[in-house]
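Each of the next two complexes has chain A plus one more chain, namely chain B in the first and chain C in the second.
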Partner chain A sequence: MGAFFDAIIDIISSDSTYINGALFAAFLIFAASGEWVAERAGTLNISVEGMLLAGAFASAVGYDVTESMPVALLAGIVGSLVVAAVQAEMSHRLSADQFVVGLTLNILVFGLAGFLDNELEPTTKHAGRWVIPVLSDIPLVGDALFAQRWPFYLLFAVIPLTWWVVYRTRWGLEVRSVGENPQSADVSGIDVNRRRRQSIYYAGFTSGIGGWFLIFGVIGLFEDSVVGGRGFIAIAAVIFGGWTLRGTIAGCAVFAGALSFRLSVQGLGYEVNSELLQSLPFVVTLVGMALFAHRVRAPAALARPFVRGLK
Partner chain B sequence: MESGSTDPAGAVPAGAAPAVAFRNITKRFGAVTACDRVDLELHRGRIHGILGENGAGKSTLMKMLIGLVLPDEGSIRIDGESRAIHSPLAAANLGIGMVHQHFSLVDALTVWENVALGEAGRLDPGAIRNRIGEIAEQYGLVIDPDARVGELTAGLRQRVEIIKCLRRDPNIVIFDEPTSVLTPEESVQLFASLRQVVADEGRAVVLVSHKLDEVLHATDDISIMRQGQVVDRLLAAEADAPTLARGMVGREVSLRSERAALGVLSVDEANGFDDTPIAPTTGSTATSASDGRRPVLSITNASLRGSGGTPALQDLSLDLHAGEIVGVAGVEGNGQRELGDLLSSLLSLDSGSVSIDGTRVPDGRSGAMARAGIGVIPEDRHDSGIVLDMTLAENLVLVDQSAVAQRGVLDRRSLDRFARAMIDEFAIQCAGPDAPMWSLSGGNQQRVVLARELAQNPKVLIAAQPTRGLDVGAIEYMGERLEAAAEAGVAVLLISSELEEILDLSHRIVVMHSGRIVGEMTRSEVDLEQLGLLMGGAA
Partner chain C sequence: MTATAPTTPTPTPAAARAPRQGGRAGEWFLLYGLSTLGALVLSALLVEATGGDWRPVVNALLDGSLRKPGRWGETLGTAAPLLIVAVGTIISGKAGLINIGQEGQLFVGAAFATYFGFLIGGPGPLNVVLILIFGAIGGGLWAGVAALLKFWRNVPEVLSTLLLVTVGGQLVAYGLSQPWLLLAPLADRGNRNQVSTQLAEDNRLPRPEIFGNEVPLAAVIAVALAIIVSLVLARTVWGFRLRMLGRNPRAAQRSGVGQTRYGAAALMLSGAFAGLAGAAMLAGGGFSFGNYQLVPGFATNIGWTGLLVALVAREKALVAIPVAFIFAGLRTGSSFVGATGVEGRITDVIQGFLVLALLIPPAVMFLRDRRRARAAATERV
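Moving on to the complex of A and B:
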């Protein structure tokens, strides 16, 4: 038992645990912030997984062609928006079931990305590291938060932007109203399905940044397994966070902690069955959902399609 | 057809183009003609009452004016110019605003956020708060702009609706069944501000209602609609309740349902032309019959803590005997809903028990109350009475499929036969057993619920707000059915916020306040003043 606690202490006092944790958290937050907006408007947008993968792949191709990371970012956003467009137009213009569309998209993007990766074989590399003086000297979290590759720092733009858009603009007010009571929003003169489509595009926008960040800020190269189900963890983080932005970010941090813990266990040479370890973050996600899901109130019209005039 | 010929022309300021003129408007939904060549004029500075039963076409007509529905034929003129109104935003731009019955507020948002919904331009919370303050002062509609709408009472929510509508400074204001969710005092306040809305800047106001008294007292001009047509136009000053009632249903109605239709404002007026005083007719026999017999339903010392920690039910005991109708009177929100939910197996008690024929029924266990013989007409039809997207026949067997199924497999033919029998017996107006539930009018939906519950041969029937939102004919029918059920030996518990309904139907009346029964009287003992004091918690 003593050895077990020694191992735990070893892991939580290791710098790499925090650095990896911050990377996972940033990736999840890029995905979850847009997902949160889509859910506030009433779409349980499961195609966020496909958006992330499309964004990662498109940014890799963008870099391969132009060797410019900003262009790669734009390409990533565009790639992710293509997936968002299919999701948005199918589920909120043609009234197709949002889950069926989302599932199909995820599978389709996974297959396409794998195929095109083999065909194009885009080459990428890591972005440069920005070390912020003084702050990066803080023990444990200094390196994690202030000595990352530069794509990481976009996080500090995306989080306030998302908050401001949802809580301080008319568009955000309307997005929240169509997720709560689309009939009332309609009667008030708001185009419900249009707002819902736009909110999915916003999810595509942040997921595109997330995919680009994954390639240039974390891994340095593209494989079709880079996202690996973490889009679903982002969805869980929104639910875990009770559909508030603050809670969503906290959820991302908790789940990122689990993901990073798993890496550190192996990285520091402890022997645990690796398949079992693989499942740890998902077990934490499930436990988190079980503990918190019933305590929070979802947007009242979440996952309910809106058709005018019927009620 | 020229409307001027039948309009009370003296009421109209000469020369001015009407604020709104419907010309030959027709709207069909499938086989149903909701509006049939309607001509109607609304004038500035006047309140126009549109009276009609549910399904008479008045809501559809108003929806066309605010752009939620497009007419099939005819034209709408605003200030003399023909306009096509394609959306609520287009209507707002033409200066048309509507105070909706219950559809336009978002519970999760605050008051100011709701008021801001549907406008364009930059979001400026400060300016909106100021404007709410101005309107509050001008019309006496005081409200906290930062309160969450979901936490407000019905009266305050409506106040938000009115502010939301007036903020755009509309020339034409529509009130759709505004008092259906209000207490009497709130209704009086509403009509006071209604007058002011008209007086200021000469707005044209429409009051859509099926309550005779309300239309009679609050309006200047009255149009009566029936089956999609305007059948009568009168001046409010020259009209009286019996005339309106006849025009509305197209036949004589019994005074009881007429009185019920008068609604909450009308206790005094109703007694004014009352020729069936609240009398010890059947009440005395029912009470004496119940003496010394074992009750069918027995609630003993029921207590339940509400969501806010305050008690929803406090040590409530109630016995119900076969063949009697017991009315539960009280201001809404004093535990009536919890009482109904308890008997629908929706709630578990903190302490106390429910028994049927002396056998205890477990509370809060899904379906237990129904199996023990309690039928329920639930308070909110759409929420817990029916499934709108299923067919009429399917809704009829939602509770019990044993009559139309063998070993769990539905037999379509016996389902069809059963449904047709019910449609005949309860005179349900519909396209047939396979008609989707949403295609039925409110009164007919309620008949389906009634048919389903009575088909179970219940020992006890709980009728919670059974006539809410129904028209005169349907109210009358519901009353007859409840009386017939009691005569057949069912113990009926009538929970209603319409005092008239309780006074008319009940053999015995209990009054609820703060989750307890604070008074009980037989029909023969009823003293309105005492009843009012009990309801207000003052006695």
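Moving on to the complex of A and C:
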């Protein structure tokens, strides 16, 4: 047992655990912040997985064509917004079932990305590293937070932006009201389904950044397995966080911890069965939700379609 | 501006009348035709845009799924697990639950079937039945985890079933690396890693040969199950309660249909069907599915595709029969597409487009019906 605790201490005191953790957390936060907005408006948007993959692939292609990372970012956002558009228009204009649409989109994007990846084979590379002086000298977390590749720092723009948009603008208030009580929102003159569509577009926007970040800030090349179910962990983080932005970010940090722990165990040379280890983040996510999901209150109209006159 | 005058346009006489049955059938037909065509045209454009030619692709698909010798038997063999998965999905769907973890339930079911099949090792035909039953139990238990999380801890089943796919996959892969669980003894597996022992000849579901095609018994079982489930859901009290739960959980609760009891049963039953599909693939799948052995990645997207079949069939078990066959054809045909110089994964894309397009007609019809009802209502006032 002593060796076990030594191993744990070894892992939590290694820099790479924190660096990987910060990378995973950033990726999850990009996805989860937009997903959180969509859920506050009443859509349990499972196509976030597809949005991330579309964003990653489109940005890889964008970089392959133009060799410019900002253009790749734009391409990623556009790619992700296309998925968002299908989800939004089909589930909140045509009122098709949101889960069915989302699931189908995930499968379609996976097929499309795999197919087009084989046809186009985009080449990409890592973005440059920005080391912020002084701050990056903080022990343990300094390197993780302040010596990353530059796409990482967009995180410090996306989180405040999301907070401001949802809590400090009229649009954000309307989005929240649409997720809580669409009938009341409707009679007070808010176009419920329009707000819901817009919130899905917002999720597409941040997921596009997330997909781009994944390629240029983390992995450096595109494969169809880059997202690999982590979009679903982002959704779980929103639920884990009780539909608050703070909680969502905390959830992302916890689940990212599990993802990074898994890498560190292998990286530091400990012998653990790799199959069991790979399922660890997902088990942690499930346990986390089992512990917290019944304590929090979901937006009252979450996953309920709105059709005027039907309750 | 006066406060009166609702902005609804005056309804045309045709719209105000109760829609005729024949006219509606025509509309459905037209809408479905148009969206299917749209999906196919989109796929063809994609092939052309990437420098391919769509005509040979269609030919290859038909060759691979029907025309070449032995291929339609192959397609039937693929359609069988798809249909079983889809039928299970329809059960939970009727109860208003969204089970999207069939891929994992199928794999866990197949693992249960393998483990207990060898543990018990009864005489031939009896053991086949046991293998199928244990497959169903395995899948049902795996879905039961999601049911437990939902009704005890309030975790949405959409997410838990999904996350359990990965966990289940890794657990079975772990089992396949341990000789005391699923891994075959060294003598039986040569230098191939991570496979289970092959099922003995008399432990397999028969595949009798008809007109040069191996027709798997699993397909017959699948069709029978689809018919039975369709009858049970439409004609029995239990089926009625399930449908009531799906339509209005609150009303169901008040009239004695407990959400926990019936919901959990529906979820576990749908998992059991997925597990059964896994066991059927193991015992009767032949070369298409692991050759009577459990291997990592055994499920090969059958769970996901079966789910799509259920979505397209719109919760009608009988409609799922032809849909499963078509999707199976896309799958068996895809292995022939590679020879045309177009990437075989185009069939995944075609499938995705098709499913998405087929979601449109019911949604459009729903909105039109509502608009007509409202127009009729304003006219009465």
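In this text, the second predicted complex is superposed on the first by the 311 of 311 C-alpha atoms of A that agree within 3 Å, B and C clash if a C-alpha of one lies under 4 Å from a C-alpha of the other, contacts with A are read in each partner's own complex, and residues count from 1 in each chain.
As a working rule, contacts are C-beta pairs under 8 Å (C-beta built on N, C-alpha and C of every residue); 3 or more make two chains touch, one makes a residue touch a chain.
Owing to the predicted nature of the structure, the values given are computational and were not obtained by experimental measurement.
Once the two complexes are laid over each other on the shared chain, residue contacts for A:Q278 go to chain C alone; chain B is not touched. After overlaying the two complexes on the shared chain, residue contacts for A:V187 are found with chain B alone; chain C is out of touch. Touched residues of chain A, counted separately for chain B and chain C, are more numerous for C.
Of the two partner chains placed by superposition, only chain B is touched by A:R168; chain C is not. Residue contacts after overlaying the shared chain place A:V226 against neither chain B nor chain C. Contact with chain B, but none with chain C, is seen for A:R176 once the two complexes are overlaid on the shared chain. Of the two partner chains, chain B is the only one that A:A300 touches; chain C does not reach it. Note: residues 309-310 of chain A belong to the chain B contact set and to the chain C contact set alike, using the contact criterion stated above.
Those residues of chain A that touch chain C in the complex are listed here as 44, 46, 86, 90, 94-97, 99-101, 103-105, 107-112, 114-116, 118-120, 229, 232-233, 235-236, 239, 273, 275-276, 278-279, 282-283, 285-286, 289-291, 293-294, 307, 309-310.
Contact residues on chain C toward chain A in their complex (touch as defined above): 46, 50-51, 98, 100, 149, 153-156, 158-160, 162-167, 169-171, 173-174, 177, 304, 307-308, 311, 343, 345-346, 348-349, 351-353, 355-356, 359-360, 362-364, 366-367, 370, 374. Those residues of chain A that touch chain B in the shared complex are 168-170, 173-174, 176-177, 180-181, 183-190, 299-300, 309-311. The touching residues of chain B, counted against chain A in their complex, run 68-69, 87-89, 92, 98, 100, 103-109, 113, 116-123, 164, 388, 438.
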